[in-house]
Amino acid sequence: MKGMSMGRLIKNRWGVLFLVLILSASLLMMGGCGSGDGDNEASDDKTVKIGVLGPFTGPAARVGEEFKASTEMAFEAVDYQIGDHEIELVWIDSESDAEKAARAYEQAIVKDKIDCGFLNWHSWVSVSCMEVAAKYKIPHFFSIGGTDIVNEKYESDPEKYFYWVGKGWPVPEKLSISYVTTLEEAIDKGIWEPRNKKVAMYGVDNDWGRGFANALRSQFEDAGWEVVSEDWVALGETEFYPMLNKLKSLDVSVIAGTMSDPPSVSSFIKQSREVGLESLIICDGLGWVGEWYDLTGEASDYVIDQIPQWATPEAQKFASEFEERYGLEPGANSGGLCYDLARFLVKVLETCDEQYGDINTENLTKIAKDEVMTGNLTLDDGVMTSVYQYTPETFPDPVVDKEHYIFPVIQYFDGEAKIVWPEEWKEQDLQIPEGM
Amino acid sequence: MLECWVLLGGTLDSTQQNRNPLNRVVCNILGLLETKNVTKRFGGLTAVNDVSLNVEEGQIFGLIGPNGAGKTTLLNCISGVYKPEEGHIFFNGEDVTSFSADKICHTGIARTFQIVHSFPTMSVLENVMVGATFGGRKDREKPENIAEKMLDFVDFPLDYDVLAQDVNTVQLKQVELARAMATECNLLLLDEVAAGLTPGELDVISKLILRIKDSGITIIMVEHLMKLIMGVCDRIAVLSFGQKIAEGPPKEIAENEKVVEAYLGTKRKH
Amino acid sequence: MDPSQIADPIITGLLRGGLYALMALGLALVFGVMNIPNFAHGDFYMVGAYLAFFSFTAFGLGPILSIIVAMFGAFILGVLVEKGVFYTLRKRSKKNWVMNTFLLTLGISIVLQNSVKMLFGANYRGVTAFWPGTMQIGSINVSIDRIVGFLIAIIAIAGFWVFLSKTKVGRSIRAVSQDETGSQLVGVNLNWIHTLTFGLSCAVAALAGASLLSITPASPGMGLTPLYKSWFVCILVGMGNVGASIWGGLLLGILETFAYMQFGAGWQDAISLAVIILILLFKPSGLFAKKGVKSALE
Amino acid sequence: MEKKGTFDISRLNGYLGKLGLKPLGFLLIILLAVIPLIITDQFWIRLLTSTLMMAALAMAFDFSAGFININNFGLAAFWGLGAYTSGLLAVNLGLSPWLGMLAGALAAAVLGFLVGLLTLRLSGIFASCMTWFVALALMALTTNWVELTRGSSGLSTPYLVDSLSNIPYYYVMLIIAIGVLILLRVITNSHIGMAFKAIGQDKQAAEASGINFVKYRIFNMTLSCALAGLVGGFYAHYTGVITPTMMHTSNTVEALAICYVGGRGSIWGAILSAFILVPAMELMKGMMEVRMIIYGVLLILVMLVYPAGLAGLCNALYKFMKDKGLFRKFGFVSKNVTGRS
């Protein structure tokens, strides 16, 4: 066989040049970054690295933004300094996906060598990262993801999974009961005479949505309501006409459920108004992120939600400071709660420094076991709710009652939340739209 | 693993059948290829209507007719691209009517296309090797050697390593012929091999066709170009609107009134 | 069975389907004329939504004007992409054109999506409504936005039909889609037709994205769903059959709505895909395949 | 193939040739095998593991795209199918992850076979679309069949080995990747590879040359999907959790980009480009969008400027050096250097 000519193989000199350039550039880049990593390893052990897990991109990116801001604010307050330790935050992006989160978390452990983990939003991410934390024995503090599924996993092997130290949010049933109580009280008082006692459940199709709706479902049934349907929708779905028309034809007095991503929840509320649904809507999580009212408009009037309010002066101060710095209106449950939990973490770090003189994974694990889980260490000046405390009985949930941790039930009007329950905090009675 | 698969898969390349000498003898009497009352319809249109042909071994058999007469369709029926609705096709005495295109190739019928089909990013040699590897018997010499021989045979003028996408039409036709012959066929179907060629190139191709015939391969050719057909064919059949209207040696056909009426008449306007 | 149980999903489905039809029309056009399987089609939809959002909120243009701005913006972007990328490729090679352009459109899609993400973040940007209010159709209430969206789709499709069949340029486009070499012989300027077609297709996608803004808020990854839905439609009716993509779009809308009602939210994709796969199993060239136009078959 | 050489090295070359390898490639494989002895940082080991995984996926992709001209746009779904099969079997029936990997490959092979049948009558780009639709349907099914798969919340799966170290995973993946490489190289270098190329480029001519289109096309689809499933089975027990998003088209696009930058139709080009792109992308993770834009621009530029990709470039360089007689000095003499296949 005769050889091929060079000219045909390399049809295009510029092409070759271009590829060679790309090749060498990538190799250089690899080399450069590689050596950079080597330096990190040698950093002095006075630096404490905290991996902050949050949905920084993906459908819940807005929550991630608030997480970032609140955590920064809490650590700026102590100037990123605990004793003579410097705090370094490592952002771990969960992308709202269990698998990606687990990968990123493991990456942060092996690459960035974090000393402990902090925060998280979704419970399915909790479930996957719990495994990673247990594998590497890294304590992870105050993840918000709160459904039963996290508790179940913890209880399946408390020894192994206690590294997932405390949840920032109790199991849904502890909070969702307030909705049923609110409605029942309104009926007792004669504020509302529902045309029937039928309720339809809906929810985003994941651990959170199903866990919440299931808890609420049995609570409604216990109170003598009939649950006539259940609908699960995919994360990010924005088309609800068929489902809402079905609910409308079922003629229920109440529809109750939750969705956690802004496009879904706002489309749902908006479209419920468009199809003329004549039911009271319980929508847990509508107000979780700041800009919901821009998306729903007046369709959100009369919608019932459960969210802590910026009631205390400290809370209002935090909220206005937050808005000033980041140009975002913080959501109470994302920004606010995160701020409290970050301050709790600061307290944990300080305690660790006082007791052991050194902050590292091992000592933090001891603090988690001896102080946090036992209820010795609490945060009692939270901006969102009075006291954050874990006891061996409630662990991994925080203590939930009116003195410790509870959220008021609210109803929206013109984008403003009015507290309708409990009695002590009430701003007005539950309002019922005409004809319901 | 690979061998296993081939074993399990049975006939990845089914070996050729009907090659025993006794069959051949019978065939010589019956003719190498016979179509019996072949009819092919597309929806309401009958493209080939009740056509019976008998092609004897060693002939160059011409198939002519005006545009849309069903010549290419008949060729496609023989080569297994279409299945006729009615009628049968016998090759070497075997009924091959329902054979798929690749199986037809294994029985010893090869073809070329009206618009050249090639494997553009393979070299010319590889193009021909495809035919030698998959069309021929397994126990022959190396496909590479066969391919080189075939390219030599068709006088392919360029380096055999050149890619098929880089050669011109007449060269592609040569490659296609070489590929078809590399399948070790007994019968070669040529579909308008002269289309788009200059008179000089035409000369090259018609000489080549005669050389192929001399090597013992029977040829059926569909052609528009009268000069070529009359020059090389031993026998000619004429199709018009799907039906065979005449058959015979070239001289007879040229004088046949029906043909002049149906075919040559329209041809002159061209 | 209550008649409204059938009528309601059909109405909802039609309203959805109108915009699928519009998207599919653009896709089919580019495939028919330029032989490009455009996988960046959904991203022009996204660009349209963003343009409409900013014109509506930041510049306070009215809804109609915002939608028009989105259309023109995407048209210009489409022209730039065609001139910059496809024209360059066309000059360089004609071999394996379909596959190569397919990869190019993928690249364009990645670049567009991530540029938008970089510029505007991953936030959702939507408007409450272009035209507040609802309307009763049959037994159900429908927002005015949806009806206007549907009307826009119908008008755009009708406009396209008139353009393609009555104007000289439109006829040239159709000629190119049927026989490229032939139309060149009769003096059609191929480069110009290609650029125009691609631009128009992008404009149509952006039109859909802009008119749906109040239903689907703008976000960088929003284009994927409309993209694969328009692909369903095109393959369902037979690729290259531009006219039939309208029926395909409406059909898909209705099919999805029924699946949604019967099996619950989330299942509509799985069900409609299964149905389409079944249809293609028995009729691989599509429901309304035309003879002589490009088809999916070997 | 094998030319008797006076030097041992040329005989080695001949043996490697049978496995579809070149001496340089063989050296690189040995290098990869000893890397964990040199680099102990777990991060790098993990990075190399993901790189090998993407390389294996890209090779499986190339097996279809580069030969029978079908871009298997649903490859990620077959990857996910393998992962879910293996994960579910391990979680519900307690099947060993090692067997689970094979089960994953088998499940993906079965679906690949069916998709092959389904797309039989469709031409290249439409067959690609069809695999995509099947993949979307599979992803929708996995997401919505919450009772079985736990839906978008993700399925927790047991780890493959009970160890904090990532080195065992690295070696398992290395063996899989090399296995995939050798298997695919051997197949594509044989007459089967020629048949693939032929049916990919011209179906009619291939059939007229005696190639059974149906068998080869389905064989190709089945094998390529099975390999993706095998890698998926490994992945399920590597991360410990799988979600339906792993079936997302963006993962296919990643494999596709790696395959095309590597140069399609070469198989080994995919490994080369994976080793450049995956680490580069990982190290740029801080700039999420920018790195994706680089991906897109790279894809466009490769298609516009140098479609032969890295493999084509390497072959050209090899050829150039051979023509200058640079190899003869070192005894690297081999007849079978056509630079292609």
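When the chains are written out, they are named A, B, C and D in that same order, and each has its own residue count from 1.
Just so it is clear, contacts are C-beta pairs under 8 Å (C-beta built on N, C-alpha and C of every residue); 3 or more make two chains touch, one makes a residue touch a chain.
Keep in mind the model is a prediction, meaning the values are calculated, not measured.
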Completion exercise
Max Cα-centre separation from chain D goes to chain B
Exercise for the section: Go through C-D and A-C and name the pair with more C-beta contacts between its chains. Expected result: C-D
Problem - Distance between the centres, which are taken as Cα means, of chain D and chain C, whole angstrom - result: 33
Problem - Chain centre separation in whole Å, for chain D relative to chain A (CA means) - result: 37
Fill in the blank from the handout: Taking each chain's mean CA coordinate, chain B and chain D are separated, in whole Å, by 40
Completion exercise
Where chain B touches two or more other chains simultaneously, the residues are 120-121, 161
Problem - Sequence positions of chain C contacting 2 or more other chains - result: 96, 266
Handout entry: Of all residues in chain D, the ones touching two or more other chains
Key = 143-144, 288, 298, 338
Fill in the blank from the handout: Listed in rising order, chain A residues that touch chain D in their complex are 1, 3-4, 6, 9-12, 14-16, 18-20, 22-23, 26-27, 29-30, 33-34, 37, 41, 57, 97-100, 102-103, 106-107, 110-111, 123-124, 127-128, 131-132, 135-136, 149, 205-207, 210, 232, 234-235
Practice task
Can you check the complex and tell me which residues of chain D touch chain C?
Solution key: 69, 71, 118, 121-126, 128-130, 132-134, 136-137, 140-141, 143-144, 203, 249, 253, 256-257, 260, 288-290, 292-293, 295-300, 303-304, 307
Practice task
Flag every residue of chain D that touches chain B in the complex, lowest number first.
Solution key: 183, 186-187, 190-192, 194-195, 197-198, 201-202, 204-213, 215, 219, 265, 338, 340
Practice task
Would you tell me which residues of chain B are touching chain D in their complex?
Solution key: 1-2, 5, 9, 11-14, 79-81, 100-102, 105-106, 110-111, 113, 117-123, 126, 129-131, 133-136, 143, 161, 176, 179-180, 183
Problem - Interface residues, chain C side, partner chain A - complex - result: 4, 8-9, 12, 15-16, 121-124, 126, 128-129, 132, 134, 140-143, 146, 214-217, 219, 257, 260-261, 264-266
